[in-house]
Amino acid sequence: MTEVTMTVNGKSVSRPVRGNELLVEFLREQLRLTGTHVGCDTSQCGACCVHVNGELVKACTMFAAEADGAEVATIEGMANADGSLNVIQQAFQDHHGLQCGFCTPGMVMAAAALLKDNPTPTEAEIRHYLQGNICRCTGYHNIIKAIMAASGQDAGKIAAE
Amino acid sequence: MPKDHGIGASTKRREDVRFLTGTGNYTDDINVYGQAYVHFLRSDVAHGTINGIDTAAAEAMPGVLHIFTGKDFEAVGGIPCGWQVTDRFGQPMKEPKHPVLAHGKVRHVGDPICAVVAETLEQARDAAEAIELDIDELPAVVNMAKALEDGATLVHDDLGDNLCYDWGFVEENKEAVDEAIKNAAHVTTLELVNNRVVPNPMEPRVAIGDFNAASGDSTLYTTSQNPHVIRLLMGAFVLGIPEHKLRVVAPDVGGGFGSKIYHYAEEALCTFAAKALKRPVKWTSTRSEAFMSDAHGRDHVTTIELALDADHKFTAVRTSTLANMGAYLSTFAPSVPTWLHGTLMAGNYTTPLVYCNVRAVFTNTVPVDAYRGAGRPEATYQLERVIDKAARELGVDPIEIRRKNFVTEFPYQTPVAVEYDSGDFHRLMDKLEAAADFGGFAARRAESEKKGMLRGLGINCFIEACGIAPSNLVGQLGARAGLYESATVRVNATGGLVVMTGSHSHGQGHETVFPQVISEMTGLEEHMVEIEHGDTANTPMGMGTYGSRSIAVGGSAMVRATEKIINKMKKIAAHLMEAAEGDIELKDGSFSVAGTDKSVAWGDVCLAAYVPHNYPLEDIEPGLEETAFYDPANFTYPAGAYACEVEVDPETGKVRIDRFTTADDFGNVMNPMIVDGQVHGGLAQGIGQALLENSTYDPETGQLLSASYMDYAMPRADDVPFFKVDHTNGTPCTHNPLGVKGCGEAGAIGSTPTVVNAVVDAVQSGGHKHVTHIDMPLTPGRVWAAMNG
Amino acid sequence: MYSFDIERPKSVADAVAALGADEAQPIAGGQTLIPTLKQRLASPSKLVALSGIEEMKYVRRDGDTLVIGGGTTHGTIARETAEHFPGLAGLAARIGDPAVRNRGTIGGSIANNDPSACYPSAALACGATIVTDKREIAADDYFQGMFMTALEEGEIVTEIRFPIPEKSAYMKFEQIASRFPLVGVFVAKFADKVGVGVTGASNDGVFRWSEAEQALGSNFAADAVSGLTAPDASDMISDLHGTGAYRAHLVGVMTKRAVAAAS
C-alpha cells in the first residue's frame, strides 16, 4: 500500500492504495463516487472517463498511484455551484442525449474536454472525438445534437440538413 | 403549438438529472454490508467431459469462504425455459437440463464450472487459478448444418441428436405453398445468414444475493428488465423459495435490449450462496465475461423463396431456417424463431400462402435468445431482401412492387395467424418518398461517382407484432407465462399520486412518460406523479419490459387502475357536493357537477378519502388505492417504411451511411422526443448488425474469436449519420385505451434490409451485376471480396 | 490483476535502477499493458511507472531532425509536431481515442511493437533512430517482428529521432472493432529517397515496402504505385477482419492514398 494525495472535484483526499488499484476503483470504492462507470475491460467503452489535470483520461486504464498529486474531476463535480446542471448536462437533458444513463458520465466528461479545446466543433469533429465513448441506446444522434447545442450551435438545424 | 404537458408533449426526462450528475443507482453501485465476492471459473473449452474438480488447494487459499461446484446444485432445478414449442409432428421440443453450474460436461466456452466466494474479488480469482480441473476436451459442434449431420458430436448425449425441434407453420398450408411455388410465373430464391450478435448493453450484468437470517428472507439485486419474472423463475423452478420469502430488486439498469430478460445462473448462484454462507455475495460481470455468458441474438441461416404471378403479385412464401439455440435453452429462446418470426412472414403484403420451416439446433455456443426485435428482424430481413432481389430480377421498381402487394384494408387476417388491426402502408411510403427526396437521388449518385464512390439506395417496409401479448393466445402457442401487465395507483392523502408498475425502465423513460398519461387523465401536474418500478416488494406482479410492451400493456394497466381511482373519487366528490355520481366531471384537477358552478378540489377529495369524517362509509371504503391487471386483446402492429443511402468505396469495400430516413406508424405517440430516441437507438443497432457486428466462433474449436471490443465491432459515433425520423399521424391501435403500438424495436427491425438493399444497389451500380447478395455484416473485407470475387 | 507494487521514479536513472529488481516491468502510458494485466496475462512483482519522468516528455526540432522524448503522449505529439512534421502529427492524432492519446506514449508504443501500432511505420519509413538509456538503434535494426524489438530486459526507450521528410502522410485503414490499423502506411519523401512503412498487415510485423520505395523514388506520384504487384498475400495476416489477399490489396491502396495526401 502506498499513500496517495489528490484533489478530487476540488477536495483534497489522502488514502492508502494498492499497487494494482485502478483510478476508477479508487473513485468508486474508496470515495464512493459511483458516477464513474465500468463498461468494459479493454479501455474502449469510455464509461469511466474522468479528467486528470484537465485532460480526458480513462480511469480504468490508469493506476490510482499515478494520480498522486493530480487534480481529478468526475461527473459528480460537473454541476454548477448551486447544484443546477451545467451547460453540457443541461443540453443532454434538453436534447434527450441519454437513455439508460450508463455511458452518460463518460460522454459528459468527453464533451467537456472537447469543448475546452474546440469551443465550436463540427458534427464530424464531435463524432471523431467520441471514438472512445460507446453508447448502445441513443444511436449518438441526440448526443451529437446536445454537444452542438452546448457549444451554442443550432443543433436542430444541422441535424435536419 | 406543440403541447407542453400531458400526452403528446416532449416532456424532458426527470430521470436524466440523476444520470447526468452521477447519482444514479445501478446494481454495481450497491454494496451490502459484509458482502463477499464471487468469481466464476468458466470453461475455456467449447465441449468437454468433466472427470474431476479438485478444489482442495484453492479452498485453503487466503480469504476463500467456499467453492461451489455443479454437485451443490444436483438437488435443485435447472435454469428453466419459459416457452415450449411443439414440433411439426405434435411432439414437444427437446429440453435438456441447464444446470446452474456445469455438471458432467461443459458445453460452451464460458460455461460456469465453479463459483469461488472470497473476501475480495482478487482472492477469489487467485483461488480459481488453483482449482485443478480434469476435463477431457471433446470435438465441438458450431456449424448448425454439421450439428444435424448423422454422427455429429452430441451437445447433450441423452437427446440422441442436436435437433431441438422441427417446426412448421402453417403446417396445413404446406402442400398449397409447394403447389403455388411450382406454378408461379416467377420464383426468387435467396439464401442468407442472419448474423449472431451480442446485445451489449453498456452496463454489464451484476447480481448481489443477500439473506436475512432473522426473517429467513432472501433478496436478489440484479440487472433485470423484469424482476417479477426472475423471482418466479428462480424462486419456483430453481431454488424452491416461495415468492413471499424472496425479493428481487432491479434498480437503475443500464440498458437491456432483451439480454436482461432472462434468468441467469449467476443470479441463482448468488442467492443460493448468500443463504448457504450467511453472507451477502456479489458478482459483477466483466465485459469479457459478458461476451461468453449474456444470451446472444439472431443466428439464423435461411433459404427463402418468393413466388410471384405474371402481374408481380406475391402468391406464396416458403422458408427453411436453421436457428441456433446455443448449448442450452435460454428463457424465451424457443419462441424467437417460431412464434415471433413465422407470424410476421406475411409482412405488409397480401401474400395468401406462407410456409416456414424452422429447425432449432443445439451447438457448443453461448445460448441465443431474444435481442431487440426478436424474430421479427429475422422475418423482415429475409422477406425484404428477397423482394428486393425479385424486383431486380424482374426489372421493376422496388417501391412499386411493394405497393402493388400492400395490405390496404384493416382489420386484415393474415395467413399466419395474426390479425392486423390498423395501418396505412401506402401513406407510410408516401411520407418516406417525400422525406427521403428520392427525386434527388440520381444527382447525388452522379456526385458520388465524381469522387470515385458508388452510391446506392435501399428501401424497406416492415410490420411488427408488439405489445406482447394476449395470455390465452400465447398459452396455446407454448408460453409458460401470462403476458399481462399490472399497475397499482395510489393517491395519497395530500393529493400526490404514485404508480407502482410491473414495467421496468432501463432507458425507456417511464418515470417521465407514465406521469404524462396520468396528467392527461387527471389534470394533475406531472411532478405530482411518481413512478415506482423495479422492486418486487413494492410493485404488483408484472411481466416487465421487452417486446415494445411498456406503454401498450403496462400503460394500459396504469390507465385502467387510474380509471378505477377516478371513478371512486367521483363517488366521493358526489357525496361531498350532494350531487349524483353521474353528474360529476373531472377537469383540470377538480371535480365539478355538470351544469353548475359547484366543484371540489382534487386534494379535498383525497383528504376526505383518508380522513373519512364526512364520508359514505356504508357505500365506499376509505383510501385511494387501486390495482389493475391488463391483458391485451391482440398484439399491436407498428409498421414502417425506411430508406437508406450509402456510399461504397470500390477500392476498399468500405460502406458509409450517408443518410437514413424513416416513416413509422406507432399509433398514438405519448412523448415524441422519447420516441425519436427509441428509433435512433434501434437504427444504430440495426446498422451495427448490418455493417459491423458479428459474434464469431472458430468453426473447429468453438473458441469465441470476437470476445471483446477489440474484435467485436460496436457502432460508434462516426459509424452513423444524423437520422431523419418521422412518426406523426399514425393509425391508432384499435384495442388498447391509449391507441399506442410501441416503438422500442422498430429501428432494429427495419434497418438491416434497408442497409443491405442499399449496398447491393451501390455495388451493382459499379458494374458488379453478379453481386445479388452479401451476408451481414457487410464489413469492408466482405464487400471488397464480393466485388472482386 | 495479480497484486504488485508500483513505483514512480522521477528520472530515467531512477527508473533504470528500479527496473533492476526481479520481475520488475516498466509501464509507460499503460493503454495496452493495463488491459493485459486485467486479463492476468502478466504478473510483474513491481511496475515501474514512467509517467512521472518529466525529462522524457518533449518535442523539439534539431536541424532537420525532430526529436521526441519517449514519455511524450500521442496527444502532445499531435499538437506539437503539426508545424514541422504534419505527417507524424496526423498519425498521432488518429491513434486510439482522445483519452488514450492523453496517456499513451510514443516510447511505450515503440517498445511494445504491436504489429498494429502506428508509429513503427513512421519510424521505418523515415529511418528514425531509437534512443534508449543505453544506446542508439537504427529503426531498420530495431523492429524484429511482431512484439519483437532489439530492446534488452529493462532497457527504456528514452527518445526517438525522426529525420524530417519533405513530404509525408500516414493512411490508416481501420479494423472496424479495435480501430487499430488493419493496414497503415506511412510514406515519407526525402530529397534523395522515399520511405514506405507498412503496419498492421504482415505476419512479420511492421515492414518497409521496398518495391514501392523504389518506384516512388523515381516518380513520387500515386500512379507510380498502381503498376506494382501487391505484397505476397501469404505473408499477410489473415483473420476474422480480413484475408491476407485483402490486406495485401489495401497496402497498395493506402500507399497510393498516402502519396496523394503527402504534404
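By written order: A, B and C. Residues from 1 in each chain.
Keep this in mind: contacts are C-beta pairs under 8 Å (C-beta built on N, C-alpha and C of every residue); 3 or more make two chains touch, one makes a residue touch a chain.
Predicted model only: the values in this text are computed from it and were never measured.
**Q** Name the chain whose C-alpha centroid is farthest from the C-alpha centroid of chain B.
**A** C
**Q** Any idea which two chains share the most contacting C-beta pairs?
**A** Per-pair contact counts point to A-B as the maximum.
**Q** So, what's the distance in Å between the C-alpha centres of chain C and chain A?
**A** So the centroids are 28 Å from each other.
**Q** Taking each chain's centre as the mean position of its Cα atoms, how many Å separate chain B from chain C?
**A** Centre-to-centre distance between chain B and chain C: 43 Å.
**Q** If you look at chain A, which of its residues touch at least two other chains?
**A** 20, 41-42, 44, 130-131, 133
**Q** Mark out which residues of chain B touch at least two other chains, giving numbers and ranges.
**A** 122, 286, 288, 709-710, 714, 716
**Q** Hunt down the residues of chain C that sit against at least two other chains at once, touch-wise.
**A** Each of 1-3, 38-39, 178-179 in chain C touches at least two other chains.
**Q** For chain A, which residues are in contact with chain B within the complex?
**A** Listed in rising order, the residues are 20, 28, 33-42, 44-45, 47, 74-76, 78-79, 85, 89, 92-94, 96, 98-105, 108, 123-124, 126-128, 130-131, 133-144, 158-161.
**Q** In their shared complex, at which residues does chain A touch chain C?
**A** For chain A paired with chain C, touching residues are 2, 18-20, 22, 41-44, 46, 49, 52, 55-58, 60-63, 65-66, 68, 110, 113-114, 129-133.
**Q** Of all residues in chain C, which touch chain B in the complex?
**A** 1-3, 38-40, 173, 176-179, 240-243, 246, 249-250, 253
**Q** For chain C, which residues count as touching chain A in their complex?
**A** Interface residues on chain C, with respect to chain A: 1-6, 8, 30-31, 34-35, 37-39, 46-47, 49, 51-52, 75, 96-100, 102-103, 178-179.
**Q** Enumerate the contact residues on chain B facing chain A in the complex.
**A** On the chain B side, the touching residues are 12-13, 15-24, 26, 28-29, 122, 200-204, 252-255, 257, 286-288, 506-509, 673-674, 676-677, 680-685, 708-710, 714-718, 720, 722-724, 747.
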